[in-house]
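Across the two complexes that follow, subunit A remains constant while its partner is subunit B and subsequently subunit C.
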Partner chain A sequence: MTTETVSPLISLTGIQKVFGAVQALSGVDLNIHTGECLGLVGHNGAGKSTLMNILAGTLEASGGSLSIAGRDLGQGYAVQDAGRLGIRCVFQEGSLCPNLSVAENTRIIHPVLKGFGWRPRAAAVIMEQLDLIFPGHGVSAFDIVGDLSISKRQMVEIARAFTVTDTGIRLVILDEPTSSLDARVAEQLLDYVGRVAGEGISVILISHLLGEILQVSNKIAVMKDGRVVAFRDASGFDRSSLVEAMGSTVVAGVAPRRDAEHRKTVSEERIHMRPPEQPDDQSVRAQAGEVVGFAGLAGQGQTEALLQIFDGHGVLPSGAQDAGCCFIAGDRQVDGVLPLWSIRKNIGISSLKRLLLGMLIQNGKERELADAWKERIGIRAPDVEAPILSLSGGNQQKVLFARALGSAADIVLMDDPMRGVDIGTKNEVYAIIRQEASQGRTFLWYTTEMEELDYCDRVYVFRDGVISETLSGSDITEENVLKASFKQVSGAA
Partner chain B sequence: MSGLGFFASARFWRGALPALSLTFVLLGVFWLQPRAMSYFGLNLLFNLAVPIALATIAQMFVIAVNDLDLSIGSFVSLVACIGATWLNETPLLGIAALLGCIAVYAAIGALIYIRQLPSIVVTLGMSFVWSGCAVLLLPTPGGSAPDWIRSLVTLKPPYVPMPLVAAVVLALVVHFALMRTSWGVLMRGVGGNEKAITRAGWSVLKLKMTMYALTAVFGILAGLTLVGLATSADANIALRYTLLSIAGVILGGGEFVGGRISPVGAVLGAMTLTLTASFLSFLRISPDWQIGAQGAVLIIVLALRAIVNRLEARK
Partner chain C sequence: MKQLEMFMRQHPWSWSFLAAFLTWAVTAAYISGTGGLALASTALSFSTFFVMVGIGQMFVITLGPGNVDLSIPSTITLSAVVSMMVMDGTNAMILPGILAAVGVGVLVGLFNYGLIRVLTIPPIIATMSSSFLVQSSAIALGRGVKIKPPAALEWISTAKMLGVPVLSLLVIAFAIVMAVLLNRTVYGRSVTAFGQNTRAARLAGVPIERIRYLTYTLSAVLAAVCGVFLAGFSGGSSLNMGEEYLLASIAVVVIGGSSIAGGNSNVPGIFGSALFLFLLVAMLNTFGAAAGLRLILTGLIIVGVVTFAGGRKESR
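Moving on to the complex of A and B:
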């Protein structure tokens, strides 16, 4: 730790955040000084974005204390306070209104831009900042944001965070700011971040590109499992020590790997799919009875690969419709649950063909199926006729598993299905996946949780839409997966 | 954006489509019935377009925040009934009732936002409430519009007929308020990205309540104009306004989600729909077919818009 002669601009002590059964942050301590650039790294779900949301006032901490510029801000710290204190945040998923112009979007974060002549004033403020950070940006103040390319939108959003009208800026949080910028523009931004530090503005930079972090930060904090596990001067880190810090703790052997013996006994190849832009000869392969994992950082093309397989690409024998795939969605509210239906109907929907008598669904048979799976997978509900929304999140997820496993499909595609599910449910589902695999089903499992990869026979690590590494057997270690996740694919920034 | 390039852009065509459709239908009417090309003729053609345009603007406020108001037709009917009874006989009671309506609308906006309810369900329910009130107030068609409203809607300004003046004023006023003021930006922002507005520290609740209240205000203007033109009211007088107003907004270049709306386009859309009805009468097509024909016009315009969008996507 450094000597702290000056009191920090922002100090977080013991910040906690709980979402239902999931502990997203468990006691984070962090100090940020004026004019400092703090790099924040960590694997998916380490809690970086949650922490930044708390700092920006868009989420309320469940515990701990937060003080900014010496002022103690306890419960009830909200977005308005963050604005007044000069804290701005560029969120990962974008906070521009696509139907408004660049100038109009600037007005949204500046309450003082109003009254007569606000449009030219807003335009001047944003254009000045854009010119300063991204010379040659090619954006005009009255362009509609929705008509701009994604990288221009990102530039506007970043520039907007640095605009000043009545209150000065103290801290700007950049969450994955360069994800949609090309190398030249990203360099302009990093340059600028270096310059503003000299003007007394602090910056928190979150990025999966470790090179960027090492290049501009004075200090680096590494997060893991909702905690800051390492926090020191940037000069004390290099690429490999960062990767190491992100995956430090050794997981006890919760999932004894299935022996190689077992894997030899299965033979029938079910999937052979090459991502369209794969530069080398790696491809996704899966045999009957295998559990294959998709790993890597979030949004690197894993879901897309699953959807392609679901559409029949790479499924063997080619054009085999009847073998069938079923899909377990990660976002169950959007893609999974039929909210107005009972548990029985939610389970039966994927197996209707087998439940038909003429044109009618045999309710009795559907009930049998639902009852059998309720028993087997342990859905905690008095009766399968209960509405699905009466269940807890974890049990709703179990219903989706029952729906998939109860169908005749040979291939089960899982899109990070355990997001936000408690550990007890997880263990029950893992056991069933294992059991089903040994009976010849093939599982393709995209997961952002390291421990789940222990259940896989083979793991494909994705980066920028292609497979960056294929790991199998004892090579599936947290270290190898992390290394492959952060591998710089040639040609990219 | 350099001169000629703009005229070839999809944004230009999307904006110009409502004006072009209106011109096209208007030319058709003039061709069939040259006598319509006069002060009196235009007055007659566009008279009933004014309340429809007002109702369309009312609908547009709700669509701007990604909701839909299925009760606007019954609401306008109720206002017409209030106008033909209370407002005429006991003006104070009438005004109080209308102010109450605005408050109810704002409350509905709050309810929809706080409970995250689907607006179509809530407003569909409200449509029966409004209709019920209208029937209670005026069980049989009748009543009479206050004289001041009657004289207001039958004003005859020199050279340009009243309905056209009203349409232009309406379009410009709403365009300025919603598209040019700093306040209008926030309103449209709610439709574009509600989260962004919340994160910037604004109260989406207040913004939505304001939008719903404005819907009520313009619904009231529509109802009063209608009763002024019709001189008496009926509980079912404006039921078809619900669908007409939605069609008008969409015809005018608005979209159901995303806060993309155009006040000028909405007024033009409402006028196009009214004119289509006259056009079809001039063609001696039975009124039974007119709703279907209005639908056909809507489909044609939307198809053209889809083509424009697709051309843009190809670039």
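Moving on to the complex of A and C:
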């Protein structure tokens, strides 16, 4: 229905985006034609959401050019411009105001609905669209969004993106739209996406469900490490070639997996935790000296499992001694850093009991501890008395590693802690993890980076809050992890 | 001069002492003669009570946004009523009376914490509602009868050595202990971590619920002990004796350079600002300001100090 000779609706050329030291996008080229449905796939952190945010005007590109309908949009392109040009976005996190009704939420993106009686008019607009996309949806225009179930909220969010008042729609971006819809409703949506294409509206569909992508897309783009690595007609892909395109094309350096010989010397079981909703008999088990990985798509319950273990759920008496668990945050500003303190106090907080003389904390001993770890993990700071906020993000993360590893805890829980950490630091930390494990510590390591699973003795792949697969030894391959990430676990919602 | 400025920048509490000194100097110059020394002595006496409740309030405020203990005034009143009834004017019953007051404090702290924890009520609402209950208990128990304090209690609350109030010496010693508690103990570190980022503190192994419980209890116990000495100081308990300590307990914390956002507090500033608050009122009285004007000026000066202190801290 489209031909390459027609000039594209949207053209992205050499788009770059840098967050601090992290290159999120390194030169993305992508064209979208009118009436086309583009499927966009890739791992977490591949840059899909960043690219869509640039297109929707919520982030500004660090480099490259963006043109829509032949108009070149340079610096200063913002959300309002996107709205005027007819670009709508359904974000993963949801953007409805929970305290407002469905109709009032609709009004937010339609300033033209004003004056006397705007509520009924807004209600008519949204209800018409809901009926069109999701017949039998069961939503009323005057329901308060916060009272709706997550799937109804998602339906309202999607329907709102397709509503038209004064400006027409050219492009709708759907970021994981079916993540909280059941199969029947998801089918209604995919069906609708196929129909609007015929009306000249383009759609970008991001999904981890490869079946959906293959079903509705005309074209598919695969992203990896901030680039588009494959971009062609959907007919040129099947499920396995998509998985292959998403995975690492180069074989990473030989896996630093520790051999079985090491493991047979340990026997003391420390953790035995079964996720509450687990339908079968799989459970998380970890012994002294083991490194156990949690994998799967982001937000499938890995962090929750770590927090449950942190709260003592599933920790066997042999692992709980007195020090228990320590936790290394990935979201360091929310879960880790104590912002008003020095590096020394940030490191010492988990070891205070060992620093006491009588009832008093010995600052000198705390300083020794901090200095020792500053040296060992390479925190780049003039002095441990410097405020933690004077450090770069990666170095703040090292302080959090030092806090946990410097404590007496036998069990170390890591919540994808390498986000925003540069490769050199990563290798230093990997070495320390191996060393500490060989001295009998247990590591539970949630990671979204495939290569890090190579350091694990065993990997639990999570899906919908439960373990979908347990992989160990040579079965820990990217292919197996990906397969398990998309597997539907029977009995789970 | 340069060094002094550096010192004051690094120690936010020093501002409150400077303010107290300037206020005293202006007033002393106005009244001339030996009145200045008498004024300083009186200021020490009265500020003692502000310091006692201020330290408890400081620990609570250190826990972070939303944490404030509004039940301090009613706890002062109830503990004064209970302890005066137990003592019944006899020196022999002073110790049991003080223990009863501490018991009142522990109960109020437990009740506040229970409301916050079990019913998940925001602390400001929880302590406000419990203050009504506590105040009503005081009214029911005391029935407005003023019982005179035992002679020994009255003596220790009002006695002076070379013009220096004995009670203020005790409170200075106590404040030093509290400063050590804040800065050098596991409890103090935990409170400070709690106020910076509660979630991070929890994940770093701080037992946050225990810390919260201990802190609200500490605040209530200090208010209760303050009530006993205040009754000794003012010749018995009265039902409105805690009134002025609601805003004062918060003001001394904030003017003293502790962060109202939590996680960063100090003890010395409470002393300086307690002196300042009393001297400010004394100065305005000396100048013959009417009660209304005095309140307006007090309010404006507090706003000014907090704005000034807050702005300065951000630029650090």
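One rule holds in what follows: the second predicted complex is superposed on the first by the 477 of 493 C-alpha atoms of A that agree within 3 Å, B and C clash if a C-alpha of one lies under 4 Å from a C-alpha of the other, contacts with A are read in each partner's own complex, and residues count from 1 in each chain.
Following the convention adopted for this analysis, contacts are C-beta pairs under 8 Å (C-beta built on N, C-alpha and C of every residue); 3 or more make two chains touch, one makes a residue touch a chain.
All figures in this text were calculated on a predicted structure; none of them were measured in a lab.
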item	value
Which of subunit B and subunit C A:L338 touches, first, second, both or neither	second
First (subunit B), second (subunit C), both or neither touched by A:L100	first
Subunit B versus subunit C as contact partner of A:S283, first or second or both or neither	neither
Which superposed partner A:L352 touches (first subunit B, second subunit C, both, neither)	second
First (subunit B), second (subunit C), both or neither touched by A:S67	neither
Subunit B versus subunit C as contact partner of A:S472, first or second or both or neither	neither
Partner chain in contact with A:S407 - subunit B first, subunit C second, else both or neither	second
Contacts of A:A329 with subunit B and subunit C, given as first, second, both or neither	second
Residues of subunit C that touch subunit A when the two form their complex	180, 184-186, 189, 192-193, 196-197, 199-201, 203-206, 263-264
Contact set on subunit A toward subunit B in their complex	56, 58, 78-80, 82-83, 89, 91, 94-100, 104-105, 107-109, 111, 113-115, 118-119, 140, 144, 146-147
Touching residues (chain side subunit B, partner subunit A) in the complex	1, 11, 180, 182-183, 185-186, 188-189, 191-193, 195-202, 258-260
Sites on subunit A touched by subunit C in the complex	310, 324, 326-327, 329, 334-341, 345, 348-350, 352-353, 356, 359-361, 363, 403, 407, 409
